[in-house]
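Following are the structures in question.
Each of the next two complexes has chain A plus one more chain, namely chain B in the first and chain C in the second.
What follows is the complex of A and B.
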């Protein structure tokens, strides 16, 4: 692969990489916008999960779910993301797109970054639609003053979910078990993100957040993202296989 | 199966030598295991009879420390060995590192289950409940679930080169995740249960320390002995597979 890639990439390494990244991400986004299959099913799943949480937890009249909101939100998003991660490689594999992508003179790390950014975009779109619905259903207090912190939690946790998720989805796509394997390997690895994001989000929704305690969770999430993006960067070549 | 990948990456002609060294490994294992048994027994005796009974609220239940903590550290050692073996496998594609990785994860998982069982016993004695979401116990639960996924992953890939690569990749990521998970469980608000497993190393009586170190040595020897037996078994299994394939 490198042998083929070298002459094309050499002239302007960085601009070429950014362009390749843009093209592969655009391919995923255009492909999704044509069918809207994944976005629609992810959104419906996320809303359904919220409704199910309501019935599962509202065991008494006027139950205050404030201290469950962070957990409900992140369980919903992590399972929703799983749905998307499985789909993101199903097309590539079934239609033989991945072979074509691998034959292109594109660095494999660029493929990883592009797939990760694609998954991140889809997750953010879902969250942009789902968070207002969630707030309407479950959050009784206004958290507008904490909105920047909340957006930071969303973005950092999503980065963690998508970096680990993309790497593991690539592996599981190449196995017999496929979508059965992904949750089994993905969920234990994502527990740290779930813990930090849940604590931070609950604190924001319940308005008990102090800048210091939020800062430590954001820092933790950023560190998690950095470590796993680095790990994915170092190992993605092997995940894609020959 | 390719002959170059059949056993340790050595040519098939040296199969007899490999078998001999495999058997030698098994033969040396009983010595290691006997030494491990002796150290563990001595550690327990020292812990129970010589080391002072804990003066704090834990009292006699603290004695499980001489078993529980060495098991926990050996589990982490096993996952560390698997991590190194996995990195080496990705660099060399030598099947012996894949075997070492797999066997280490298997033993690590076994020791992790032991950590949880002994942790639960200690929890029952110290806090009166079988299960508490204490950071270290929780971490080991997550670790067990994580490394159980390693075997699900292995069983769902048929082609052996790819299976070894994916398994190595996962073992690397999983090992990176262990300290992160532990840190994350520390972020959780502390519950009713005090964290009693603080770093008591510095406050330890020298008799405690000696009993602990003897147990630790015993547990490490047990790990190495089991590792040798398991490695030899896996090696012979690979050889058998290779010979069967040659016969048709």
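What follows is the complex of A and C.
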């Protein structure tokens, strides 16, 4: 019984934003590893999309698909990410756990960052599994020398997808038609990321990337990420709603 | 100074006035119960106190802190027990308590978690997922969750709802044990529990306080007043 009724005044609670960020991300990762709801659905979708692309574009043997690869890859990833984003708040909302999280002395921006990092981790895991398979199916030239540039494109584009997606998933979770609303608002907003990531990825796969053109795409993606993170910082309190 | 001071709060959702000029105070160590029919504004009042909602007008002070100025320190002194457990079903009992203890920055976490699991008689299930718990066990763990950071103020939203007799006994025991050192606000539909625990009772209807009583309350009189406002579902 000791301790239950113990100190009731100023219990000396101490934590930091970084600690809370880590705790929420860890909780989401452990939760996901146990249920595998997001990872499994995203992985299955991505693999199936690749199989469908493979058959859809195999009209003639030995067709060079290099100039379609960037588009195929990013369309697959964006729709795959959408599946994960739709689920990312579902367990919080469905079990009423969001109230538990909001009752904690945690800044709302920390919740956004934690959720965004969680979504980013899951997307990167899927990409780590899917990109080698995709390369095997569709990429005829080796792009090992451009691997750092490709990883930079992946990371910056993923940040854009996850920052916009997390913000919009938060807004849509409070609506009845959240499964419908998220794609409707997310897909138009993600078009700039899709264009920049597709152009950069295609150039890398086709071995036509110049430092200047790749640099401008990466700069554009970084700016996009910055703008939407700032937007989330300013609006997340309202996005969480009442 | 009162531990909780609610001054003329109103809450509007869209065009609907959910709360109208609600005003009350609870002294340190006091136990206030709020009763009333469904849609009376009881839970909205409690959620405003818990910083989950902001009032449209009026002000709320908890432990001397103004909710509108900075809700963060208020959250450190509030514990919230709802009829929803606010627990992650795929995490274990231990992982749930650890998560909340870390979010609040509770010192000596392992000891605190062990004490609470012991108190709610769930030590033997500490590594089991909450998904496998019965409703009563889940609610007992929810009580431990609400107490993990040693809050000064406990907000109880129909805490007895759906509890088995064993869980009711544990909740009664816990409330009796911590009664003197905490300030309570409880929303309930049970007249007998309300009168047994409270030193101040409010009845709300249509977003307003329509009856208030402090000190000893005559059960028969109170039940009659309550029936005036709630035509059905009265539990005594």
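Couple of notes before you dig in:
Just so it is clear, the second predicted complex is superposed on the first by the 227 of 242 C-alpha atoms of A that agree within 3 Å, B and C clash if a C-alpha of one lies under 4 Å from a C-alpha of the other, contacts with A are read in each partner's own complex, and residues count from 1 in each chain.
One rule holds in what follows: a residue touches a chain if its C-beta (ideal position, glycine included) is under 8 Å from a C-beta of that chain, and two chains touch if they have at least 3 such contacts.
Everything numeric here is computed off the predicted structure, so don't read it as measured data.
Touch criterion not met for A:135: it reaches neither chain B nor chain C. When the two structures are aligned on the shared chain, A:231 is found in touch with chain B, with no touch to chain C. Contact with chain B, but none with chain C, is seen for A:217 once the two complexes are overlaid on the shared chain.
In the superposition on chain A, contact of A:188 is made with chain B only, not with chain C. Contact with chain C, but none with chain B, is seen for A:91 once the two complexes are overlaid on the shared chain. The interface of chain A with chain B does not overlap its interface with chain C at any residue.
Those residues of chain C that touch chain A in the complex are listed here as 50-54, 72-73, 75-76, 78, 80, 82, 84-91, 95, 99-100, 102-107, 111-112, 115-116, 119, 129, 145, 147, 149-152, 174, 177-178, 180-182. Residue ranges of chain A in contact with chain C, taken from their complex: 1-9, 11-15, 19-20, 23-24, 27, 30-31, 34-35, 91, 95-97, 99-107, 242. Residues of chain A that touch chain B in their complex: 164, 167, 171-172, 174-177, 180-181, 184-185, 187-189, 191-192, 195-196, 199, 216-217, 220, 223-224, 227-228, 231, 235, 238-239, 241. Only residues 90, 142, 145-146, 148-149, 152-153, 156-158, 162, 165-166, 168-170, 172-174, 176-177, 180-181, 183-185, 187-189 of chain B touch chain A when the two sit together in their complex.
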